[in-house]
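As written, the chains take the letters A, B and C, and residue 1 is the first residue of each chain.
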Amino acid sequence: MNPTTTASRLTLHPDRLLPVDPGTRDVARRIYAEVAGLPIVSPHGHVPPAWLAQDTPFADPTSMLITPDHYITRVLHASGVQLSSLGVGRGELSPQESREAFRIFCRHWPVYRGTPMRLWFETQLVEVFGIDLVPSAGTADAIYDAIAAWIARDSSRPRALMDSFEIEFLATTDDPCDDLAHHRALADDPSFARKVVPTFRPDRYLEPATAAWVGHVDRLAQVSGQDTGTYAGWVAAMEDRRAYFKAHGAVSTDHSHRDLGTEPLEGPEAERLYALARRGEISAPDGDRLRRHMVTEMVRMATEDGLTMTLHPAVHRNHHTPTFDTYGADVGADIPIAVEVTRALQPALARFGTHPDLTLVVFTIDETVYSRELAPLAGFYPSLRIGVPWWFIDAPDAITRFRAAVTESAGFTRTSGFIDDTRAFLSIPARHDMARRLDSGFLARLVAEHRLSEDEAVETARYLVRDQPREVFGL
Amino acid sequence: MNPTTTASRLTLHPDRLLPVDPGTRDVARRIYAEVAGLPIVSPHGHVPPAWLAQDTPFADPTSMLITPDHYITRVLHASGVQLSSLGVGRGELSPQESREAFRIFCRHWPVYRGTPMRLWFETQLVEVFGIDLVPSAGTADAIYDAIAAWIARDSSRPRALMDSFEIEFLATTDDPCDDLAHHRALADDPSFARKVVPTFRPDRYLEPATAAWVGHVDRLAQVSGQDTGTYAGWVAAMEDRRAYFKAHGAVSTDHSHRDLGTEPLEGPEAERLYALARRGEISAPDGDRLRRHMVTEMVRMATEDGLTMTLHPAVHRNHHTPTFDTYGADVGADIPIAVEVTRALQPALARFGTHPDLTLVVFTIDETVYSRELAPLAGFYPSLRIGVPWWFIDAPDAITRFRAAVTESAGFTRTSGFIDDTRAFLSIPARHDMARRLDSGFLARLVAEHRLSEDEAVETARYLVRDQPREVFGL
Amino acid sequence: MNPTTTASRLTLHPDRLLPVDPGTRDVARRIYAEVAGLPIVSPHGHVPPAWLAQDTPFADPTSMLITPDHYITRVLHASGVQLSSLGVGRGELSPQESREAFRIFCRHWPVYRGTPMRLWFETQLVEVFGIDLVPSAGTADAIYDAIAAWIARDSSRPRALMDSFEIEFLATTDDPCDDLAHHRALADDPSFARKVVPTFRPDRYLEPATAAWVGHVDRLAQVSGQDTGTYAGWVAAMEDRRAYFKAHGAVSTDHSHRDLGTEPLEGPEAERLYALARRGEISAPDGDRLRRHMVTEMVRMATEDGLTMTLHPAVHRNHHTPTFDTYGADVGADIPIAVEVTRALQPALARFGTHPDLTLVVFTIDETVYSRELAPLAGFYPSLRIGVPWWFIDAPDAITRFRAAVTESAGFTRTSGFIDDTRAFLSIPARHDMARRLDSGFLARLVAEHRLSEDEAVETARYLVRDQPREVFGL
């Protein structure tokens, strides 16, 4: 698509993302006004803790906004741009390379029409950088220079942004063997008032059929001081590291496997398969069986230490092998697959589903399970929460579909609260704002259809923004 | 969610559930006005026939409205309420226990926001009981007392309600071995003008791998006078009981298994598997194979006796084993699973799909099959009807999605007519009213989009309410 | 449904299919006005090339509009009409039979309410034939006579219609062994200015486990001059025929199998299975394995000859065996099944997904893959395009759902452009107009929600109609 449109000034309309019907929009505006200014709670995301611990200034516009954000780079890749020309998989960019990558992005601005990436980027341009230029070949340099000037200010460093963005609580995502030094530094720093906590993300230790697994559990042994030569030792090591994370403020563990299976193994079967895996001799199907047992073990631990357990299943990682070989993981080549919840979680829920200290949050990109499985499950099990739309479907129409799909059988109290799940630190306010607008619009429709009073809608909107994430993550 | 909203008076807005666009709403109002007052035909549901035969007064508000309604109790359970404290699985409640359970319900009123349970309950409060209080901790006792006073009236007994609700036709759901004494009593009573008929629900006789099956078919032998020691005898017994039900007014049979499979067995295989099952030696997979053959046999019988066959597949029953052990079945712990229709029904449809006397109605909670499988199938096979949304998706947004998903390839004439499928007798008018409003709204949108004239929309709305259920159930 | 509505004059409202909200409709009107008059590009469809080569006059209203259109006949069949009474599976109809079939159709007009078939037919009545009667028992003969009179005019012959419909480019669908004489005749005719090209549709040569396959590849050998006794020969024959098609103007190949699998076979396995198949001894599962390998071979060929590859998977063909036995294929008894894309296409995409000369377009009737699989895939792979809604879901609400499902992660530039996929030649303008209206409405909503400027929306609408099909099919 070759844009021919004359770029007018970029502005953010105060009614953006609100319902089009004027009466409904009026209601939505009033609801949104009540939640627009509430502080941000971000209980799951991927901001590097070092940025905050070291208050690292951002390097340049491209490495801040383009290179690390696979939401942005994947669409450019689909448009024929090489990932390398965006800085992906490379070290630091030269000033000229950085500027050139930014030009590529601006030239391709029309490919983001209709996507949330566009909305988030526009919001950052106007609200964070104070820029009113529409990205294009003609404006790329001016925008680049303005952002570079913004980066140079003290008020643009991560800690200052935590304040100006009003992020009250931020969870990062961390390896179980991480020493959490950055988190400790932040907690020990009396000048830093915001809460930044780690999240325990043990996936790689739960995939015994992968080549790197033996190395991972060896390292786990070193860090935990437990002998991971046996399954019992693995369990002890995991418990040790969870306790370590919890002591450093963690409120949750996060899990992402291909399926949600929780079928436990009987008797000594776990030890037997674990021993096979230690010798590198476990088959892929047995690796899956052992992994499902390990996940169930994690559920059991969660009932004991109270860490909320978030599940992000069913993504085919590194779908394009050559891209993985060249650029590594997390560059936009992960593709969702269908997921099954009802049968997969049944063993764990039969054992722990009514445990008062357990909170499981199931996220999905497969929208079909919202009305068919997740809402019915969360409408019965007190331990289960429906995660808000994630990744590819963290977007206006999808969020609206989500509320319409789950609310009718599970109501508003069984969802997770908004999670931004992002490493794009500067987009966090835009993402939370988007969710607040859309939930306000959804509630406004219920008001307009006389299914809810406006007072109730406002109360519910506040609950979703302010109370629900605190409740779900035990803050 | 702690409600802080001051409870204003509860009213039902005349435009509730109609489209928000003012122009479309005007059209919807006019369409709805033409069907709002039509009598109710309820060809599938779960009201106990004894209530009507004996005209049993309701005992108390809780055992009338809360305890038996798993739509209501499941959401409370998800909110941390013990089912036992709502009277589930217990005998009669003491007056104090009943009142206390009702208070729990009212305190949790906000958890129903956005659900149809709220809409149905509000409608009952205002239209059945004449109560204008919003449920809350503060109003619980007053509402309880008002309902109790209502119960005490003669006009509140089931038969009087059949009249005041204008329920012309009501089908119950019954075991094939039932003697249908209640139905006979009703039919023989010249003072009772309404039609109440049984439905033949033989599921338990078609699951040969379950532990209780041998006992069931033994009892079937006693009741039918057929020797169920052989498969041929089982077939004869089923035919006998279907004839008995038909003689007592039944218009349909109802079937709910995990899948929709109709693969027939070849030659003597059915007898062989049946013999295994009689000895309690059939495997689960063979049990499924025999069940699918038995279902096909039921389709064949339907072509002969003309009973409409309704299918409600793909629910994982009693998902939470401890709840089942404590409270038994049907308490809200049944969870849907994905369903497949195209291949599963192919054997039966290839044989009987164009039979002039066959009507199959397929219901689903898995919305994905509406546009992909059910509408294409019902848009070709004269014997197949698309069941309206069922159970978890019998709700405003889901009903609207349903019409949007099936109408474009199957039109309006290939659906089932509204079915309330409820044991909550007092909610029947609210449920039918909801469907009428939503179908009026859907039709109004087609008018507003100039896809249908308003005259046609009114005619179609009347057809859906008045003619379609009669056509589908042969009334 | 017995229509009682007095038939008023049939008119087409200028705002039909535009959004109901007045403000959004205003925007949609302006967007639509910019694309309504653009010429038609139809890169995939089923119009018989002989019609154009021979400029065959249409025979009569029924054989032009009813008999060959399975969208029309299937709904009548579901309504209890015998296909034979509509002329399906028979030779030429007598004048009386043709008129009688047309009466049946008109009497059943209400069954099409809410379907696109109604919209397309109405548009043809008004815009092609200049008829303003609503079909009914009372108007059937008058409509029939008016259409018959229209047929008799010179301006109603196919070539004249190509001009008056402003169809710039039309692709037909053809067997690899076809000599393409009609296409050659058209290309050689200096009096015919429009472009009509063949499409290579080799399905039957890729299903080695079907009974007719050996005969097909024998014929392929004759036509291509390659020895199809070996797999290598089959490959050479396919390459030969593709080159032949390309030389005759083909821009694409089309493929429709039950699944999208592209798992290649290792080493000599393809030759081994091919040899089995030649002897008629290949099993069904091995037939599928060989077919998936053959599909991958087609992808490889596409990277070499640049023919766009369209995939139309996951339809259970000839679902009703007795109908197939009596009437043959393509009479409305094909029923969709679920499809899986992410894993199925992974092998092919890992090898060829970033090849600069490859374009794969995946169509689906299974809407669940739009947001879950197709948009994520097309949002990463430059070679992959998301096909617009196809067959049962080429309809107003489904098209709107499609845009809402894919745009948020893939934008507008990753779709296919509109494809009518029809053999109903006279409905082509109505189908393209419908898509233009709906895309205008979708874009207008984004404008009304302040997600897009109106200038951008107009530019995008033009891109979708004018540029995207040219880009995707390399015109």
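Assume a residue touches a chain if its C-beta (ideal position, glycine included) is under 8 Å from a C-beta of that chain, and two chains touch if they have at least 3 such contacts.
Quantities reported herein were computed from a predicted structural model and do not represent experimental measurements.
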Interface residue overlap between copies subunit A and subunit B, same or different (over half shared): different
Between subunit B and its twin subunit C, rotation from the CA superposition, multiple of 5 degrees: 120
Distance between the centres, which are taken as Cα means, of subunit B and subunit A, whole angstrom: 39
Residues within subunit B bordering two or more other chains: 21, 368
Residues on subunit B engaged by subunit A in the complex (per definition of touch): 1, 3-6, 8, 12-13, 15-18, 20-22, 74-75, 77-80, 110-116, 118-119, 316, 319-323, 332-333, 335-338, 365-368, 392-393, 395-398, 401
In the complex, subunit C residues that touch subunit A: 19, 21, 23-24, 340, 342-343, 346, 349-350, 353-354, 356, 368, 371-373, 375-382, 384, 404-405, 407-414, 445-446, 448-453, 455-456, 459-460, 463, 467
